[in-house]
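What follows is a single structure, and I will ask about it in a moment.
Just so it is clear, A, B, C, D, E and F label the chains in written order, and each chain counts residues from 1 on its own.
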Amino acid sequence: LVSSNGPVDVVTFGEAMLRLSPPSFKRLEQTQSLDVAVGGAELNVAAGVSRMGLRSQWVSRLPDNPLGRMAGNKAAEMGVGVDFVEWDAAARMGLYFVEYGASPRASSVLYDRAGSAAASMDEARFDWETILAGTRAFHTTGITPALSGSCARQVEIAIETAHKLGIPVTYDLNFRARLWSSDAAREIQGPLMSMLDVLFTTEEDAERVFGIGGSDHGEVARRLSEQFGIPTVVVTIRGDLSVLRNTWTAIAYSEGQICDDRVYEIELIDRIGGGDAFAAGFVTGWLEAGVQQGLRLGNALSALKQTSWGDMPFVARREVDALLAGGGTRIVR
Amino acid sequence: LVSSNGPVDVVTFGEAMLRLSPPSFKRLEQTQSLDVAVGGAELNVAAGVSRMGLRSQWVSRLPDNPLGRMAGNKAAEMGVGVDFVEWDAAARMGLYFVEYGASPRASSVLYDRAGSAAASMDEARFDWETILAGTRAFHTTGITPALSGSCARQVEIAIETAHKLGIPVTYDLNFRARLWSSDAAREIQGPLMSMLDVLFTTEEDAERVFGIGGSDHGEVARRLSEQFGIPTVVVTIRGDLSVLRNTWTAIAYSEGQICDDRVYEIELIDRIGGGDAFAAGFVTGWLEAGVQQGLRLGNALSALKQTSWGDMPFVARREVDALLAGGGTRIVR
Amino acid sequence: LVSSNGPVDVVTFGEAMLRLSPPSFKRLEQTQSLDVAVGGAELNVAAGVSRMGLRSQWVSRLPDNPLGRMAGNKAAEMGVGVDFVEWDAAARMGLYFVEYGASPRASSVLYDRAGSAAASMDEARFDWETILAGTRAFHTTGITPALSGSCARQVEIAIETAHKLGIPVTYDLNFRARLWSSDAAREIQGPLMSMLDVLFTTEEDAERVFGIGGSDHGEVARRLSEQFGIPTVVVTIRGDLSVLRNTWTAIAYSEGQICDDRVYEIELIDRIGGGDAFAAGFVTGWLEAGVQQGLRLGNALSALKQTSWGDMPFVARREVDALLAGGGTRIVR
Amino acid sequence: LVSSNGPVDVVTFGEAMLRLSPPSFKRLEQTQSLDVAVGGAELNVAAGVSRMGLRSQWVSRLPDNPLGRMAGNKAAEMGVGVDFVEWDAAARMGLYFVEYGASPRASSVLYDRAGSAAASMDEARFDWETILAGTRAFHTTGITPALSGSCARQVEIAIETAHKLGIPVTYDLNFRARLWSSDAAREIQGPLMSMLDVLFTTEEDAERVFGIGGSDHGEVARRLSEQFGIPTVVVTIRGDLSVLRNTWTAIAYSEGQICDDRVYEIELIDRIGGGDAFAAGFVTGWLEAGVQQGLRLGNALSALKQTSWGDMPFVARREVDALLAGGGTRIVR
Amino acid sequence: LVSSNGPVDVVTFGEAMLRLSPPSFKRLEQTQSLDVAVGGAELNVAAGVSRMGLRSQWVSRLPDNPLGRMAGNKAAEMGVGVDFVEWDAAARMGLYFVEYGASPRASSVLYDRAGSAAASMDEARFDWETILAGTRAFHTTGITPALSGSCARQVEIAIETAHKLGIPVTYDLNFRARLWSSDAAREIQGPLMSMLDVLFTTEEDAERVFGIGGSDHGEVARRLSEQFGIPTVVVTIRGDLSVLRNTWTAIAYSEGQICDDRVYEIELIDRIGGGDAFAAGFVTGWLEAGVQQGLRLGNALSALKQTSWGDMPFVARREVDALLAGGGTRIVR
Amino acid sequence: LVSSNGPVDVVTFGEAMLRLSPPSFKRLEQTQSLDVAVGGAELNVAAGVSRMGLRSQWVSRLPDNPLGRMAGNKAAEMGVGVDFVEWDAAARMGLYFVEYGASPRASSVLYDRAGSAAASMDEARFDWETILAGTRAFHTTGITPALSGSCARQVEIAIETAHKLGIPVTYDLNFRARLWSSDAAREIQGPLMSMLDVLFTTEEDAERVFGIGGSDHGEVARRLSEQFGIPTVVVTIRGDLSVLRNTWTAIAYSEGQICDDRVYEIELIDRIGGGDAFAAGFVTGWLEAGVQQGLRLGNALSALKQTSWGDMPFVARREVDALLAGGGTRIVR
């Protein structure tokens, strides 16, 4: 837990939702109870950054009801500042339902986020100059501009403000086909790319949004970097051995170099938030010691997060450090 | 379980929602799990009617996703026919959250039903003549017309069709201040009143919608009956000894007579659906043997339902009969 | 926990069953899980006696499968000796299902005990002289002879053996109308009565089996004592304020005297096994210091048992002593 | 959910039981709760057929108590018609207990079904001509005739009636060594074989009942087909990589041809009901488009069912179609 | 949720523990699971103050392990600042076990807090001038000085510092007989009394520590106020109707006046933390508008807290305001 | 369940703790409930020996409170005698917290056992001559002498007494680095080695305590045997395929011979207690038929135990025998 006094290290911006999932691999149709968590790509990143030892703020809008308060509470529980969250007396809390799968049944998500407080952004008047003053990085993802036109406009303003203030911008492409089309995603996000310092993506998302794909992930990163003038592009790589067993790694193109890191084999407990944990670890490591440290922290935090329950990473920095130092799979006692 | 072949006895029309409630008196803000049930005033009545031994159909619209299927499944589980439910590929499932209280904290409900499949009724083309053919009663409540203009229009068509076919119409006033104003409720429902055969209400709702209130519940029933020409008006009466201990009874005005019944003292497990269980019992008893039998079945079914979990009454007809025959509070073994 | 070396203080004889009950006042029809406990009148008494500080053995027959082992394990967990339990490779474990009620819905029990190992007693060859050698009391109840003819025969042999050895016999009338008729109960049990030292009954059971009833409980005890020549007859008295709120006390007739004790008001968590806990406390107190101490220990143990979950009393002797010494209802910390 | 008006597509006949299983891989001896499900080979098939889009009826006998009603309710919840279920006021509900295993501990089943309502069939007077009128297939399994002599007689009558009416009969050999011997199974079932249109079996069951085995599963199917004159014989093939990881496929011999299908690798959540889901999928596909479609639907439905909890398949037709269309193991969102 | 930038309104100081309690009224001996909460008198007050709309900091020591982090997280979740918590790499987390009772079994607490990080206070070097700078009140209780000599010394320093800085000190006597004797409590706390602005106590604690008792609670308050020169003394009054049903109110003596407030009747869900919620409400109301508002907010917050689970009050300010405005016990929807 | 009359076969000596673990792979920081079990190396062995059909006693010290009673109860539930357990009115119950992992996150243990009743051994006056009279083996582990100086002294006395009485001593090296250093372990345990009949160890522990390691496990066993003059040394070998998938076997050096056994591949449900189950199986088999049978029973019992929940093995002897006889991974029904 880190003091929230003074400017924080990282500010993130986006929606959080309640996550409702049946226990024990039950299907939604048959369950009599739902496990409750809170998550959202940018909140997850703010939480991961906080767990790794930096200070973070999460900027968003929440309904002023018990569900919205739960989301705010959970952010605070993870050490994330919520000083700039807007409270909406009228709009609803976004929800999503998850059914965890096992081979050959993939996990699946049912979104119920239309009309949420976060999507109803036009009433918000975020003072980005104040919010960003003194921070070391600003992070958001391709989900936020997909929520509504006003959300897209806020993302644009926030990134421009950060850019103007010289604050590095990190951005996860996170394409969501149920929220918008490839065309819309390209049209809205294309102009933002030149203001980014770090872009995170998968090969699939890069292909769907910008038509830059292929099996050579380093080449995908290089092409994105060169096309948009982004100093660092990171491609995360998930291998699906089965629904419950994945591999995870990432590769970066930065300053003309390809950087890579070890591949983790993961016995999946909860894969949701794995990419966000990577981004959180990367941003922390990158602020500490550059791209290679970003990859190492990001991959380790992501691998560990995927072995425990919830969108946000209940992982300690010392656990990440121990894994990086070669910790094995034997019981620790 | 009753065969669903041939025409059913009772048809009901209205929305069902998923009900999400924290276990063990937890507050929403603190819970890590939510109990899941399915309920809705008119579905609850159809279920109660089925449990009491008659055949019922529930007419509604549901989203064509796992949450909608759960609602349809649960209706079928209770023996309710779902042959005329419309499936909507786009709209969402209505939800509501309940926090169960204990004195001095009242139970509270947080609705999240905007944009539901049921409220998006204009696309539906219910063929009421077919649906109602051969049934012995049609039931709906004041919640349905409050959902949307198209819902109100469907209620009007359904009642008119039933009236034209000589099928008795039973109606629960069920005023929901969060859905519409007293003025709107009066304006929309006033014209329907003259087509009703039985009206259920509380004194509070009658006061808020029609300005007919007062501590003499029989007088309220009489005035409603006379003002709108409704043959039978039933006022249900809940006494709040505490949040977890209530009394329950009802009084009817019918053919110039006041009928009443015993007062039940209830150790509340789940009060939601208590009024619907009463209506289900009343309709069953009324079809069997008139108003007095309606009151007796209605009060007994309602009292028993309020001692078990869920909106719909998992109560057997023989349990109702045993209670009416004087069953005590000793363990049965 | 008491050493089981050497002869024990109390031997009991009868069936144990698995108890399966829905959590949270759910009905059987709607539950997705069942809480599991082990109970049976005579096992409950052996457990209570052990908790109060004496040594006990429970004689029975169990199936040699995981369910039977569970029952044996749970007896041992309570400190009850199971050295004389017979293991049956073929017969099934008796079960019962409980639905906990709330006013006006009484709790109810659904037995599924036909064909159980305990009822299949004819194969057993209990050596009662060995089993009873050195014990201070033998206890059984009216449930055991009702299970089967061979069970009735074993009860007869056991009581005769105890009588012959000068070991006091305590007996709970425990009439179960679903197992046998009043006539059969009278015919089988009548001849046993003269060999008893203590008879426990309710007024209702005495009326149904022996036609000795009435609102004066002391008078019922006196008449039973005199008619059958039983030195001590105890009538337990449960007052049903509501399904979840009872009173409890007992009255004894012994050596021409009526003894009584305070009345406990109980917020019921689990009333099943309340009578058995009383018998266990009575037997313990009676062996310690006679009838009055029996009533005091019995009532206190029973009242405490009814506030926690399970048939067997997870109550400590020191808790009973503290209650008898005037412990209040304030939190202890 | 499919309308149950008019004749259904598939009628099945057999017993359902309550399934009681400890959560979280606990052993029966140690569990304090049991998960509750309802299942039975023929009910599972009726449920699967309904989920795949056809209409089905399940014919059986159930006790007229809460446990029996639960079974009937759950059939209805899955969209299965229960119009011809007989209700028995006296007999008990069959139960079975399951302990889920992990290598090297196999899962195991403890049956407690003796004396069940379904086995007490002699009182039933099923009017098979009425029941089967207009249906497209009748399905039962080798479990039903093993339950009792009267059950065997009912199976014989039902198959003869179907045969006479020209309704195809599908039959799963499902040998249960705890219910009868190989000799009895052969003696009773041998004469039925010539009336079947489709026989489902494993190689092991064919070997044990008819002495037709071997590692060439297609050859087993061919020999069964030719020996008994069954038009289509399907052999299901489960590969045990470990207790929690299996492969699944099936092969058919029909009209002189061997048909096969892809092999699914399954991360097992609940293998019980996997064969029934296959049969349900096969029957549906076979009625739609013949043997090859039967194999495809059967294998896909079975693989998906084994990844979720319960005997009956909470799987949607669109999920089966998506898997057949090449759906991967990535999260769907 | 309130911004934690700048000085806070209220600082509290004391230990938090993990609370472990069996669900569903089970006894510790029989439970297979324990519910987990975090609580401690002074943390509870900081949480309540935050919920009521003021900003708070909680000063304490926690072990630097997952259990300590959980406590810090939960404080943050409630909006409490944890900037001055000391982290101890060696000491353990204090625990306590609770068994919830029902009449006649009182609830009971088993402490396991010896050797906790909070009790190992001598290593801490709290800079009280910095911590208290700008705050409007400092609160601690009689539990803290009872933990260890160094804790007592820290309490003394903190109170002296607050007194010197002109910051009001509020103090809950909270006598814990298991931690120290009446003599020690009087000796250590007596000298602190003259520096207090508000003292909270029960009549029983005042009697045990200072020998000032009696049934006239206002008189007890007056005598404490006059003897020690404390401007405001508040006596909280709990009436034990039964273990599950209490009354609650409080009376204050301030500036020569007795103030009282309405008596709440409470259906107890969790009484632990009821006194702390009162103190939190009182401090908030007292800072807002003086003693009478303190009583009103304190009693309402306490009554509401006792109806939900956990030591800390998951109650919203608007719920308190609604109760004060006359909210009833009817369901809110 | 085995009669506890007369001398037992195996006596064990050591501490038991409450084990608290979050369900469903949750982290401690995020859990709202903890699963409760009781375990400890020597209790686990006594339990395993009892499950395999021999009689056992477990000697220890427990606090005289509900947590201590739970531990004693659970020992008795497993058929373990607790006649010589000492009850301590003052000391606390040792606890440990477990987080179950999944690759790449190893499971981890957080001990909270300082100040436990078992470690406070100096007050105990175990009469080892009486305790050991007539037993066939005495077992303890390297954890017990590590707890405190008085514990080490008791271990020394017990082993010397057994040695003097000609009772075989079996000893598991079980090095716990958090309890003592390698130097202390060697210094205290070195002198005991010559009195042992069987030593169990892993290669890692032998290396850390005695500097005897290497990849040739048989060679490690031989060197330990020869250096200390221990007749039989057994090295257990766990292969970590992943956190959730291990292999298990053991190798013994005895009378100049190396014995080995098959390797089990295990889908881990709960690995804690795996080594203790091995020791229990080995001791049982060794007493039955020597070292080879010891290895066979030990490996099979250990493999089965690791597939179910809890420290103590809820495994039946017949399950072990069935596995040894070649039982497969198919469902047993």
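FYI, contacts are C-beta pairs under 8 Å (C-beta built on N, C-alpha and C of every residue); 3 or more make two chains touch, one makes a residue touch a chain.
Treat the numbers as computed from the prediction; the structure is a model and nothing was measured.
**Student:** Hey, which chain ends up farthest from chain A, C-alpha centres compared?
**Tutor:** C
**Student:** Which chain's centre, taken as the mean of its Cα atoms, is farthest from the centre of chain B?
**Tutor:** That would be chain F.
**Student:** Using mean C-alpha positions as chain centres, tell me how far chain D is from chain E in Å, no decimals.
**Tutor:** Distance between chain centres: 61 Å.
**Student:** In angstrom, rounded to a whole number, how far apart do the mean CA points of chain A and chain F lie?
**Tutor:** 45
**Student:** For chain F, which residues are shared contacts with two or more other chains?
**Tutor:** 23, 27, 29-30, 32, 66, 69, 73
**Student:** Enumerate the contact residues on chain C facing chain E in the complex.
**Tutor:** It comes out as residues 23, 264-269, 303-304, 307-310, 314-315, 319, 323, 327-333.
**Student:** How about chain D: which of its residues touch chain C in the complex?
**Tutor:** Residue positions touching the partner: 20, 23, 27-36, 65-67, 69-70, 73, 92-93, 95, 97, 99, 110, 112, 114-115.
**Student:** Flag every residue of chain A that touches chain D in the complex, lowest number first.
**Tutor:** Chain A reaches chain D through residues 24-27, 29-30, 101-109, 111, 176, 178, 240, 242-244, 271-272.
**Student:** Which of the residues in chain B come into contact with chain D in the complex?
**Tutor:** 1, 3-5, 66, 69, 72-74, 76-79, 81-83, 85, 316
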